[in-house]
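Structures are listed in the sections that come next.
One chain, chain A, appears in both complexes that follow, with chain B as partner in the first and chain C in the second.
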Partner chain A sequence: MTNPSITKQEVQFRLKSSQEYGQASFSGIVSLALALVLLLNSYIPSTGAFKPVVLIASLTYFIFTLLQLAVWSLIRRDLIQFGAIKRSTRLLGYVLLLSILSANLFIATAAFQLLKVKKSSAYTLSVYAALTTLLVFAVSALNIFKPYVANGFLIGMFLLIIVTVLQLAVVLLVAKYADKPILPRFMWVVAFILILTSVSGNLFALFLGLLLIAKLRDKGHTSGSKLGEVVERLSRSSTSMLGLLFILFLLTLSITSYLTFDYGMAIDNNYSLILQSPNMAYPLGTDNFGRDLFSRIVFGARISLVVGLMSTLIPVVIGGVLGAISGYYGRHTDNVIMRALDILYAIPGILLSIAIIAAFGASTVNLILALSVGAIPTYARTMRANVLLVSTLEYVQAARAFGSSDSAILFKHIVPNSIAPMIVKSTLTIGTAVISTSSLSYLGLGVEPHIPEWGNILKLGSAYLETHAFTAIYPGLAIIALVLSFNFLGDGLRDALDPKLD
Partner chain B sequence: MIGHATATGNGYADRLAATYRKILLHPTYRLLILLAGAPVTIIVYVAYLLLKSKSGYTSIVEETRNKLLKSGYLDELLLEAKDQLERKHRFFGQTVNTEQTAREAKQLASQKFEETLQVQLKERLSEESGLKITFGDTYHSLAMNPFFLVLSVIIGLPMYLLMAIYANPYVKYIAERLFMAIFVIFGVAFLVFTILYISPMNPAANLLGETATAEQIATFNHIYGLDQPYLVQLWNTIKGILTFDLGKSFAGNENVTTAIANKFPVTLTLTFIATLIAVLIALPIGIISATRPNSFLDYTFMFIALLGLSIPNFWQGLIFILNFSIKLPWLPATYNPNNWLSAIMPIVVLGTGLTAAVARMTRSSTLEVIHEDYITTAKAKGLARRHVLWKHAVGNALIPIITVIGLQFGAMLGGAAVTEKVFNISGIGSYIVDKQFIPDIPSIMGGVVYTAITISIVNVIVDLLYAFFDPRIRSKMKQY
Partner chain C sequence: MKNKTKFGALMLLSASIMLSGCSVTTKNDVTESPKPTEGTEAVVDSGPVDIELLGMSSNEADINIIRDQLSKNGFNVKLNVQADYGSFKSQQDAGNFDIALSSWTTVTGNPDYAVRSLFKTGGDYSILADPEIDALIDAAGAQTPAEYTETYKQFEQQLVFDKAYIAPLYNSLKAQAFNKEVLNKDSVRISKSRSLPWEALDFNDTSKRDKDALVLQSTMPTLTSLDPIKGNDGSINIINTNMNVRLVNLTDDDKITSDGSLSYNHAIADGNSEYYFILRDNINFAQIKNKLAVDTGERVGGDDVIFSLDRAKDKNSVPDHRTFTLHEHIQKVELVTDAAALDSVKVSGGSDTVKAALESGLGAPISSLVSDKTQASSKDGKYQVVKLTTTEPFPQVLNYLAHQSAGIVSKKQVESINTYDVAKFDVNKDIPYGDQNTVTEGSAYNNTLYASGPYILSSKNDYEAIFYKNPAYMTGTENEPKIKNIKVRFIKDADSSLAALRSGEIHLYYGVSETKYDVVKGDSKLELQTIPSNGVSYLLFNTKNRPVATSADLRKAVLYSINQDEILAYYSGNKFKAISTLSPLVSTGLELKADAAKVKEFLNAYNTSK
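And then the complex of A and B:
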């Protein structure tokens, strides 16, 4: 096995082809960077002292970073010497799993991948499903330090605990059985429980449930479902999985917050608690009306997700249909549709939104419509290009020879086969929609000012930039994290679906 | 081509006629040229009819048709088509009434009959040359007459201008592109005006306050022409946009175009400098990333680029003000045209998104080009790495990058409103935002339309740049 004279290329190849090695280096570097950021933030320049809580967090991150880097060098040595990772190195993953207690997801996800030799898409999904619920549970649990909690808090937390336990059990079951060519019968029950738990918004659980059912029905006849293939390719990129994790975490949090968070905390003025610095009861401080910033940001996620998704979905459908018709019928239809859309395309999105909102007033519905209208031409162009490409293929000719109608050919044969670039493009532009929403809200043109939307929170906070900068920094960080997640996911999806984007 | 077959040695007439024939093949241009040179068209048409009847072409067509009809060919075709249709219906299990089948069969048969007729005519005409006269041929024979040529230039000058444009592919491309831009500009004016026209908002009530009487509101609407019908208002607005006179704004009673002319240069200068700096930074970063794909440097650069795409402008601006104006008193927090230091932060904030987008695009497009066959060939020839990269790869990778720069410049100009609000810059963006609460229709109209016009002009320039830099587009242009 050990060959002392392997070439540099071979070393490179072994390192590059090992998923664990790449994930270990990624998580090590990111967690080192986070530790440094925390260290810098814990230092107070005016007094020369350190904030104890932040300093402890920073030190914990440093410890896990060191551990991760040690494991990284072990993996590297194993790969160079033996060409595979030794069992003893893999077992160190259990130590690294402890990092989840410090909310260090980067190391935790890498550790989960390190523990399993043969990774299946079911295993990856089950780990991420459990992690999402665990995170939501931890974040919701922060509410116990508050003077009072929401009415449904106890029920909500109880349900979250049950779901967490169930999903952790699923991780173990999946790790044991999912590699087998034929799954045992009781997996039906597991799959249904998973789909039931996905009501919380945890779509990882839904995907896993569907994947298991597909495998159960398949009985080992085929090599696997399409969903499994996409998940497998997607899970090779740590960044896109983490992006998806954050998006689904926010989704689950938005849904479970109906039970676990008190809306009053986010909107009722409390003049005895104006502009409090972050503390245990108010983890991100309070704003100039004494409202809890943490709750406000959690409720803001709901608006941002809804507006972002809706203002992407509407233009995808309208633009997609227009583009498909334009590309399929060609000639005059094409000319008329595309020239009309050229006009829309000439006005920058934000400016068109401002004009529409100026005409119809600022409200959430108008905002969604305004953002949607501006995005139609881009999607129409993407769809048109794909339809032009697909409609020259042989199976379309075959369908025509069989006497299918135009609409059947277009919507049954062409559109489903040209949808991949639309998915990628829409994922990448949800981020832009989120930024536009908060930008317009910041200008006072978006969501109504009394609704806790991230742009609104930031607008209020920006007035206290000099004295209480945190009121403007935290909502901004939330926006960046969400947009970055969508961008990472979009990049990952582009690699996984591999459409030819123009 | 017919043009070559009928060359007569008269240089001018031949060239003119060749262009004329080519234009007649293109449906839109045919209509345009026939209309542009209406007097000439009439002369040519009369001559065409005369020539046609003289040459006996029509009689030959009639003769051939009658011969074919007499031979019972049409009935034969009809039967065949009917049989075909019936078999088709039986195969697909369709039930179609006999009347419709008969109609379809007749259509099919007549179509086939015409085809055969044309084939036979062609055979016949190839035996006896000089019989078939086309519209283009008529023009050709007329153009050989110098008197007609001079006369037609005088009465049909627009037609000759159109022909001159059509004859040169570059000029034709530029003309078409400019026509599109003008169409888009009018479209934008129409769209924005219509949106503001159907608005349920009432600027008069907003400005005059709740205590305003119906008479006051009516007077206000009369002064600003808001009581006129839609088409009149639309016509006035479009005229106003073209003559740079959009009247007075509702609030403040200032001249809208003067106000816009004062604000626009500020925004344009800032965005232009931001674009320039962004491109200068982004191109090297993208190329470095592409030459070392999947390295630590590549990942770091691309992560920073993605971060740059994900930061909202206003938040970035606030953080900059917090760090560089409040915590460290290095730069002024608000923009002042007389202090260049105050322009640094707005330019950086404006340029971040563009830098990120261009760097990502440069990377992916250079990576794509690097894997092309001709790069392998260049390497195999033993060219230096540097030479291959700069001479062969980057030049070709630039095309999509220029597109992104053009598009992003537009987005930046439109999105400048947010940055302008953060740094208190009195540019066009913050002007529109300030005016939208009333809503001050002429101001918003002017701001949006003039911005869109600027963006359209930039896009035209980008497109023309392509045409002159990219040999592939150049050759495509010549073909059509």
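And then the complex of A and C:
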């Protein structure tokens, strides 16, 4: 039965404006690509045979891809015929949810979105929070195949289970109550538990907790909090949410690894296990000193994240303050600050870092400082431009007319309204900082060679690129994934924070 | 209902994890609880002991293994990793280390060289001063191979186990890879000690000998000196070996031979103090004119030999003499002009006369001995014979004569260049013979080299050095250089060198790392050659201003932390165990076994004595 009355444009509009349709096609394509990659990996050209484990994984991905594509065509049909997705189609989401067991995040997140008709930001956050913890739990659980595990492993895993259970319960609660204009009082408890679980590094839980508290305090007086709006807009883009998911997954893993991972595996040489191919005990294989690559990459995430975040935060703060002052006061202040920063800007960033490290020695703190200093001028310029723009607006003039002090005007009225571009810029440059850290370590200028840092791991692996490619591929993929995640997040944030796109 | 089943499933999941958790081995289970040490010795300050390890970034793998082994044995290792040999050496000279990762290759193939300049008081590379060690080195030097094994065993016992001046790591393989599509497989030699002889190298397609250049590789573009006695390091050893001929050579397995040397034959006279060499008459010096090699017409003869060896043993013959300790046993070098004198001397350990030994295999027997080198003519039986006398019976002197520092230079040319007063040598004004600046492209270029060997260096820059064959080097014999033009490309990085070899940019790469053997073997156009070498890596302890300098206990704690089996495992069996720099040459039967209990014991002793 076709509906002859709708035009081609109408069909296009219906498809384009449906989030579920976009997500279904995105996850279907990515999942298909992954299935193909796995299939290629399972093939052993020398013998013509297939590796059974990888082949099974590939087949699972193919099955879920087919399911996803079937659901995609159903959604398409529903949208074209009825202009909305039918309940029966939505229920298929439960089947697709099973894909989480094969670690197929793309289909799982699409399924969560498909299940719920009206998606509030709280629901999205709760789903992502639970997914993050579940993933961390699954990845940490791989340690069980090792000859021995860290001393805190059992406690760590037990805590992770509790957190997973709590957060899954929250998903159900939020799905039921969050859409109501006034939240029930027990949501206070839920919010506090969420904030408590965010100690693991799961910032989704923290955001959700804050969102719930804001809603509880608001008591339905306003249409919603600013955070809620941002999350809602951000969640429209699958890529940026997946980026954020990966970043927070790494953050959570970095923090929980204090309990669940054994540092010795990553740093102590074990000569009986040199260059083992990936297997159950060593999921990503071992390097040329017999150290577990999986543990090394997990511990390396800590350094990469800390260095990436810190070396972005420092120039954001310093550059932001300098830029704000110079933009607000103008004239001589502006001239002095900006010309001084221009001089700094004239020195190539990576050379400056190399010089700083050569002068003060290689250590994590010096690395952060070296990467920070070179980035200050660009942030100052961004901030200055925003402040120049905002300070001419009416509300600033009003504040001035009321006799507010300069500092009050600057930090209460101007800076909060010019911070959005800084946030976007910083998420985009964290990726660069991660790459710079790895480049410097690769050059032997970063952290000490035996410390697990992604650049270090990649450097060791690059010597075995031909004979044992996995030693270079996995750290390389980790770097790519993290940088890509930050870039996607930055893209999404730019859209989410831009009022013009409303 | 739905919620309940979900919750139930989760509980089941968590319960199963908990159950499996019960059978999980934690790290505490596998690490044995420390057993109380026997006896009631007081454990003083059992905190980790700081130790600074100095090394080069090219040895990063070794550094990591040592760091790992030391830190597992209760040391807190501080790394001092330098980018190149120059900065490593300056850190070492400044004393900024407790242990320095060092290596030594005995290029002469005799045990005396493996210890003399390294461990004897006042040796070129020695930071030790121990009379007992000195006495053992001297005693062994004068002994025959049958006798010196026991002496060297005592020496190793003292050096490594009793006093722990060094901690041995491993003995390496020597490996080179070449492009077998370009180079003739049978022409590429690999020898235990001696450098690659370039004159033997040949292309598969012999028609290319005059047209194509053979491209070799080296890591160091700064050449120490092209005067053979003024350098003894990786930058010039191969180059100087091929630019200057010697009285004798080493075979691939370190036997002394006259093949391919300046002498037809050599003989050791009874008593092991007198050595005779009968010289060739078919080598002329080559020089560079208009950047090409030409024959100078000047024959390499007895006066050049005497001049070269006299300046080799004399510390004051040139400023910066780096090799005189190798030749300190030479007492006198002279020409023999009376053929009858050769008849009256018997060879060592035989009944033949020296004359008969020198004549064996020659086309014409000795009819007369001439003092003027231009008069020598082997087909007429007119020869030059050089006699070398040592300060004491010392058969290993022949190994030193096979070393590049005993290369023969032109008396006439060197004397005309080195006109400065050695005592007042001014590095800014005087230009010594063999100064690398005289062959480097640029305003200072003024190539004054006279080469007695198969090849001569025409010019160099930071990218490559260009060599041409000596047109008057044993022409018509099998030792005549085959390929006209050889280029040595300077590539610092090992991975880049291998890449250059695989892409065909260079034809032979010397010094392939163990971890790259698989790559070379996997490339069908490459051939890998390996041979056990005389190279040994060891940790050298600082002897000044550091706790390790005064405390033998601390040194021994480091020594017994070293586990050579693990190092061998890392290099998948491509390294061998070693006790000292002697190990590749003399098998003393000693072995270093890692022992954590001993480490603890010595560390306790060190902490108590502190």
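Methods note: the second predicted complex is superposed on the first by the 495 of 502 C-alpha atoms of A that agree within 3 Å, B and C clash if a C-alpha of one lies under 4 Å from a C-alpha of the other, contacts with A are read in each partner's own complex, and residues count from 1 in each chain.
Keep this in mind: a contact is a pair of C-beta atoms (placed from the backbone, for glycine too) under 8 Å apart; a residue touches a chain by one contact, two chains touch by 3 or more.
Remember, it's a predicted structure, so these values are computed and weren't measured experimentally.
By the touch criterion defined above, A:T60 lies against neither chain B nor chain C after alignment on the C-alpha atoms of chain A. When the two structures are aligned on the shared chain, A:S254 is found in touch with neither chain B nor chain C.
Within the superposed three-chain model, A:E466 lies in touch with chain B and with chain C [touch as defined at top].
After overlaying the two complexes on the shared chain, residue contacts for A:I350 are found with chain B alone; chain C is out of touch.
Of the two partner chains, chain C is the only one that A:F158 touches; chain B does not reach it. Touch criterion not met for A:S418: it reaches neither chain B nor chain C.
Here chain B and chain C are compared by how many residues of chain A each touches, and B touches more.
Residues 466 of chain A contact both chain B in one complex and chain C in the other. Residues of chain A touching chain B in their complex: 16, 339-340, 342-344, 346-352, 354-361, 403, 431, 435, 438-439, 442-443, 445, 458, 462, 465-466, 469, 472-473, 476, 479-480, 483-484, 487-488, 491.
The touching residues of chain C, when paired with chain A in their complex, are 3, 6-7, 10, 13-14, 17-18, 20-21, 24-30, 57, 60-61, 63-65, 67-68, 72, 79, 81, 83, 495, 515-516, 518-519, 522, 565-566, 569-570, 572.
Of all the residues in chain A, the ones that touch chain C in their complex are 141, 144, 147-151, 153-154, 157-158, 161, 164-165, 168-169, 172, 262, 264, 268-269, 271-272, 274, 288-289, 444, 448-450, 463-464, 466-467. Residue ranges on chain B touching chain A, taken from their complex, read 92, 180, 183-185, 187-188, 190-192, 195-196, 198-201, 294, 306-307, 309-315, 318-319, 321-322, 326, 410-411, 413-415, 417-418, 421, 429, 432-433, 435-437, 439, 444, 448, 451-452, 455-456, 459.
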